[in-house]
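Below: a set of structures, written as structure tokens.
Shared between the two complexes below is chain A, which pairs with chain B and chain C, respectively.
So, the complex of A and B:
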């Protein structure tokens, strides 16, 4: 079998609801999702996997734990499987899937278990905020306590000025995401909000407010990737068609701050190399701040630049999970959630949400498009 | 995590002045200093010092609470275009929320960044304040 023909399927996916789990450690969160995958498999369980990949961002800064993948293989009964941790900031989850995909595609592994786990809520929010600033260049930006939310505020302000939107106009994204999250059993914020609540919520960095931002939460999600179609129990196969990754220069070096350079590159490859039909797809995109939701769908070509806030109500296949805004954003686990959600939407359903479409796109970025990735899945019938 | 003294000392000129990368191939200037031009990837670059003058391109008033620096909120964080061309992110001080605006002329000024504890070292770095013009002084 030539490597180019080796298929990479999603055999199984599991998640817990994103939340603040004060009574559980990261090990218990990871156990819950891996145990569900194990029980979904026939007799041999996870004995036949070749590799464990853990996506996690804050283990050393918040959990005092290095080599978290080894500690988890011990806890989960997975020794002596080889294990590693992947960290590319907020896009770690998709980077972990990219690496698993590469291992299988290359023939070095047949089955890889990807675990995304983050325990963000062990410390007060100010401490988490401090760690989040480290996603920028520490020596140049974070040492001054400049934060992602400040940079997102620059984008929001520029967007409002360039396209003449009011603060209230830019509340439609959050309203839509909360409304989607109500139907997602794994979402952290399962309640609706109004535009008035968004514009009256606490200011984080003017004009950006609390309800424009992701909430802080813990989460764990796991995905079993395999080239062995014998492991697949669904009638529909979900195959990973492609994975693209790209990096970009920081905000201050960009000529047009309303363009997302890495994401732009990923989306152009998507169209050229995969022939993805965006209208026959479900998308999970990285809306850590609502302004990024608008910019990403514009970068995708779903809507003309400057028009995104006007079409939000008509978006029926974008962030059905509620997105980072309302499903939540357990940093290192988020990308794994996105792919697990797409898998469920294309197969048994995410709660009662199902779509009979061919394609699924998961898009993730770290900070403001510093290290970004897209995972393209295709349903094969 | 505590600041590391050698780590800060090693970069003292980057914290006490604004050092920019000037590309001798494509001619573009960028911040911070790097061994390779971020735009054209040329290694034919030199480091030069900004005179520390510029103007506010955009700004945000931040209430975002970060451990260890909650006492001075809200603060004004701005994108500042230096007179040499590159854009930097900087905190703007000595100005009220109602006075800060796009186009405001600013100058870099050495200020206290942080201290780990009351008896610990004080770390200094650059912030920006409204430019005090000759006419204003006169």
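So, the complex of A and C:
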């Protein structure tokens, strides 16, 4: 078989509910998801893997741990498998999958275990926010205490002014995400909210409020990627069709702050190279702040610029998990959650949520589209 | 001590400083959202004067307890001071209060530290001392001038106050203990390192794993040992870090709001730490009738909770008016601004 034709399948995926795990360490969270993968496979399934890739952002700043992939590989009993940590900020999860995909595609590996794990609940919010701010350019932005939430608030203000929306108009995203999350067994915020609750919640950075933002939570998710179709047990299975990554200049160097340049590039390649039919797809997109949800679906071409807030109620295939807004955003693990959720929605179901569509699309970005990625999967049978 | 019931509450005393600061004033100064203030369900907090501390306030509450009891101080065989704001790191403060009140030298005396529940443990220890016959009466004082880092969310609630209880033979009591239960674990939700002027806390970690877990287990343990249900109690008093938690933990345990509200004092004085639940009990004793059953559950970070089932007796009515009541002190107040508060609580460092 020539390298170019090697297929990359998702053999198995597992998650724990995003939450604050006060009595468990990151090792135990990772163990729980890897153990489930192991049980999903037939005998000695995990022995067949060639590589362990760990997606994690804050291990050195919050857990005092460098080289977390080695420590986890030891803990999981997977030595002497090679191990690697991937970190590209908030998009680390998809970057890890991109790397696993490349290893398999190139023939350097045939099965790769990708683990996304993040444990932030050891620290108070001020410390977590301080570390999150490091995702921006420290010498230009972070040093002035300029944070992600401030940038998102800028976009929100500009969006409201340019397209003449009220604050309440921009609450539809959060309402929809919370209602989706209620059906997702792995979601952190499993409760509905009203527009009134959103506009009356605490101000984080005017006009952005608490219920426009992702919650802080711990999480772990794992997926097993393989070119070996013998590891696939379901009759419905999922193949990774393509992975795209791109970077962009910071907000202060952009001509139009309501466009997401890296994401725009990824979506154009998606259409050109994969011929993905968005209407025959489920999507998980990076809505860390509600305003980004609107901008991303506009960038995707699902709706004309400036019109997103009007169509949210009709979105039936976007962020069925509840998105970062309500499923939660365990930073380094989030991308792995997105792909695991899509895998379940296309196969056995995410809770009772299933969709009989061909495509699955996971989109993730760090900060405001600084380092972004899209993973495209296709359902086969 | 379940089984050998022989110990009661002889009397109680309270002290709430007159100064009050509106929590909304503190929130405005630091830029806290007023929604946060609303969610805490605390209107104002009591502020001790510049010359008050845990010993002076504790002394006042203890003196009231002695006046209300009408006992001879020579018969007090122990004094325990539960506080996390004692003026000396090394050297007891309980002895200061003891000598100021004229307690005999032949007595046990120590300061106890377990965040906000030290005085609660003092009561349990006293039950043991009295029921064993080692001493006749014990004086337990909970007193705090709670510290909070200026600008921290804790500053919205940390307040000053004191409560004192005399524990002695059941047949002399205004109430007696049916049972008690303690639940502790190493849960670092709130702490102050040696030498640090202000405590730190773990935000939401102080919530479920700490306050709720310990109180719920302590109260369930007590009710299960005594075979009691929430319906069997006329009042329920829980430690009061804010105005919301006691109602929430009560609901979780099955206690309706109307049994909790009579003992909920912190919306008007803030969190008085070691005096918090004990001032709530004092207020309930002032309005309870003989033969009523009261649940008291303390909580201290770090973490632990003591719960007590207390039944009032006929003697309650003969002693209730012998000293100043909590309700008198709740109504006797002078409002101050953040400037006076900063001065009285020594927030301005001078050399």
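In this text, the second predicted complex is superposed on the first by the 381 of 381 C-alpha atoms of A that agree within 3 Å, B and C clash if a C-alpha of one lies under 4 Å from a C-alpha of the other, contacts with A are read in each partner's own complex, and residues count from 1 in each chain.
Following the convention adopted for this analysis, contacts are C-beta pairs under 8 Å (C-beta built on N, C-alpha and C of every residue); 3 or more make two chains touch, one makes a residue touch a chain.
Just so we're clear, the structure is a prediction, and the values are computed from it rather than from any experiment.
S.K.: Using the touch definition from the top, say if A:279 reaches chain B (first), chain C (second), both or neither.
M.R.: So A:279 meets neither chain B nor chain C here.
S.K.: In the superposed arrangement, does A:125 touch chain B (first), chain C (second), both or neither?
M.R.: Touch status of A:125: both partners.
S.K.: Touching A:158 in the superposition: chain B (first), chain C (second), both, neither?
M.R.: After superposing on A, A:158 lies in contact with chain B but is clear of chain C.
S.K.: Give the label of whichever partner, chain B or chain C, reaches more residues of chain A.
M.R.: Between chain B and chain C, B touches the greater number of residues in chain A.
S.K.: Quick one: is A:42 in contact with chain B, with chain C, with both, or with neither? Answer first, second, both or neither.
M.R.: neither
S.K.: Quick check on the superposed pair: does A:22 touch chain B, chain C, both, or neither? Answer first, second, both or neither.
M.R.: In the superposition, A:22 touches chain C alone.
S.K.: Looking at the overlay, what does A:200 touch: chain B (first), chain C (second), both, or neither?
M.R.: second
S.K.: Per the contact definition in the header, classify A:316: touching chain B only (first), chain C only (second), both, or neither.
M.R.: It touches nothing on chain B or chain C.
S.K.: Same chain A residues contacting chain B and chain C, which ones?
M.R.: 124-125, 202-203
S.K.: Looking at the complex, which residues from chain A come into contact with chain B?
M.R.: On the chain A side, the touching residues are 61, 124-127, 129-130, 133, 137, 139-141, 143-147, 149-151, 153-154, 157-158, 202-208, 249, 251-253.
S.K.: Which part of chain A faces chain C closely enough to touch in the complex?
M.R.: For this pair, the touching residues of chain A are 20, 22-23, 121, 124-125, 200-203.
S.K.: Tell me, which parts of chain C touch chain A in their complex?
M.R.: 33, 35-36, 201-205, 208-209
S.K.: Mind pulling up the chain B residues that touch chain A in the complex?
M.R.: Answer in residue numbers: 1, 3, 11, 14-15, 30-32, 38-39, 58, 60-70, 77, 79, 86-91, 113, 125.
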